[in-house]
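When the chains are written out, they are named A, B, C and D in that same order, and each has its own residue count from 1.
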């Protein structure tokens, strides 16, 4: 180690930190200050449309984690499947979104919300009543559904939020 | 130039106690001891808060801002939290050493504050050997830290303890030599006299090289960044206090920041003119200067990477020690040669000499030796 | 573009030296006998025509009746690549020669294959399990591991 | 007279601030000098190669996200290239460009973390690290906009990418490129010439060219040793042959060179992205590929220049819907194979920064 730069390099570094002292912090104060997530966010829940679902179970087949369980019975009068049980174990779900992508009838949506922590694993298991689109409790996200995405608020972007300059720069 | 004061108590009138104070001065000692300890603890909290906010902003974060207005109560919350925590004692510790270590480390730090002049004579004891006392006592903390490292029976702690002993033993010398430069100018060892002697010019102007050496060596001695090898968290986890928790950890934390406050106070006293300053009250000037020194220390902390142990040692022995000796020699010559009252001539000369010496030493001397064949 | 050498060309060039060690020649790979593997790769590494100085990866595949160990070699000098395969028939104590003496990068990969596939590499300096702990029963990447 | 000393065995990791995950080294020390190290890996072994054998070809893509979780896009890319090679799928132009943009953004992302944590290992108290995380955050925002997740992107698909970029992506990307340009310059101002950093990293942990090649080391570590081997040039995949960029190389092969190579690569990545945005064609982003791909029996080996080095996937198909064998070339694991020779004789503090300068991700080491 030789100080062949006479501490000039250290001095340059010190100016950078000093500049940051007068810049705006990048962080946001989370629970009070909420940023809009992406319109396509794959939140940790699924929203299921009872009307559109035909019970084909493509979602369950494609799920890499095997988190989706679907049981159907046949309704011979109307000639269709009746979904008796539609249950997703979000403890196993990795939010890959493949089920939403493959659904041929557009009956499955990723959820827009992301705060779904529970105290017990058993509380993470959701059945079709919890995930129903009609109940209005859950907002579907625009993942693979551009028409839903268009209605959601615009994502807060750090590139737009941050100005890298101190007040006088 | 200086008036040597002696006497244990020196408040206001240096010679005698006020006659109407009943019962001797023992109660008075106890009272002021408590006051000084309280001041130190409050300042340590303020320093912790300041460091966290400042580093937060420098890292484009916010820092603690939830507890109380602007997060001002955060240090108190931290203290409460750490006091209420379980004190975990590992199975294989060397019990007496492990338990004594925080106390051995803490006591010297507080004891030193007895001689720090917060105002003109506003100190617990204006020892006529003040600065010598500081130098002597300040090294004892290291024993406590070494005890912690040894007693924890943790290898990371042991490495940390060995590093800190090596660093303190080496850096004690440049520290003392640079203080000696100041003492030549003052002619007294009393801390209050040192401040009194800076009536016209603070010693940072007369002793720029001494100041730089004292600052660097002081940082190394109290193991602040960039010399924080003691608790190099990326290398040796938390160093000597890896195995400490609860109140024992809190004591080490207090030592760490208490030492930082102490170094700020010493730099203020020795080089920045202590409590001297216009308009504001004396104690406020002292605090402002100490906080300013701390600001610079935190600023360095937020910016610089850490040096390696061999570079740390080489910096002490190859860089600071010769420069401190040269500084002492120059100061001695100047004090002898220059007539009384013409010390201002020293200012340009010393600044020029400082620049030249640092350039020469930077160019010529290699620090650290890199790879070792094993 | 890295030129993937065709197995036929390489085999033709190796014909006189390793005539009986090449079992099968494919479009992009060479299947060689495991006994002469080390010698052959050593030749490929050193001969100025090939200069396969870089070992991309070693992997093993369990085809139930035999294990196949696949070596992907690249020459940084000539920017061409070649795939060498070797087989071990049978399921008890499969073993192929180690090429750690030629490529140090093979060290961990061979240990990994031993760990997960159970193929022993002869003359490997440190033939121990890499990921799983000592005493783990079985080799998980085998097709018969449940 | 020499004092008799005993070597001292220190267990570094798996829970240690600087092992970048759960890497463990049994270090033999003589005082502070490293005499020997024995790496122990496997604490994060999840058996991804085995798991891949029982998932469909598409279902493996989320698994590859979890390999090198710092650069998921690159992992996705390597895997889908292998499947496409195996099944002979032609990818639409626009998808290729989007892949390149994402992979290069991911490279910047990864290098920001690599350099930031390298500084952290050097002991710079989180400041450069957090500054770089701020820049990474901006990139991650864009990834989130495109694919809905911030870490496990799962964006590439066999035959293209999952969705087209939204309309607000390109303006944001433009702003991002400009800001990152500025920030990279600021990082250079911050620590490039810092005396302490130079003292700590120059000449430390030298890896020679021959050793690097022999140890199968790739990526910035290899290039810092002076070998200009970059698969984007040497074996261009996707549409990399259409862009103009340089391969930054080091000369000494020390920690400082590795850091500089990463910073320069970030600049080159910015160049590639700028060109890709200019050339971005319109059209479909996904070829007509069935969801359950059934490639013909055979094997395929596809490699890409991931941020950490050559990431390759070797796939064997038996004409079913799941891979018969999916081997992933562990870039980080192989980059570690020269660690022992690089650190012996250096101090424990150097061990940490040499280890940090290699830039590994334990998700990939252990798989």
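By our rule, a residue touches a chain if its C-beta (ideal position, glycine included) is under 8 Å from a C-beta of that chain, and two chains touch if they have at least 3 such contacts.
If you're wondering where the values come from, they're calculated on a predicted model, not measured in any experiment.
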item	value
Distance in touch steps, counted as few as possible, from chain A out to chain D	1
Chain with minimal offset from the mean of all protein Cα atoms	D
Between B-D and A-B, the pair joined by more C-beta contacts	B-D
Chain whose average C-alpha position is farthest from chain D's own	B
Computed distance of Cα centres, chain B from chain A, in Å	51
Distance between the centres, which are taken as Cα means, of chain C and chain B, whole angstrom	63
Computed distance of Cα centres, chain D from chain B, in Å	44
Touching two or more other chains - residue numbers and ranges from chain B	58-61, 302-304, 307, 311, 367-368
Residues of chain A engaged with two or more neighbouring chains	1-4, 7, 10, 13, 16-17, 20, 26
Chain C residues counted as touching two or more neighbouring chains	none
Interchain contacts (touch definition) - all pairs	A-B, A-D, B-D, C-D
Chain D - residues contacting chain C, complex	41-42, 45, 47, 49-50, 211, 213-217, 227, 229, 231, 234-236, 241, 299, 301, 303, 310, 312, 314, 316, 324-325, 327, 329-330, 333-334, 336-338, 366-367
Sites on chain C touched by chain D in the complex	1-2, 53-57, 59, 61-62, 70, 72, 76, 79, 83, 103-109, 112, 116, 130-133, 140-141
Chain A - residues contacting chain B, complex	1-4, 6-7, 10, 13-14, 16-18, 20-21, 23-27, 29
Chain A partner contacts - residues on chain B that touch it in the complex	54, 56-62, 65, 299-300, 302-304, 307, 311, 314, 358-359, 361-363, 365-368
Residues of chain B that touch chain D when the two form their complex	55, 58-61, 155-156, 159, 163, 225-226, 228-229, 232-237, 301-311, 367-368, 370-374
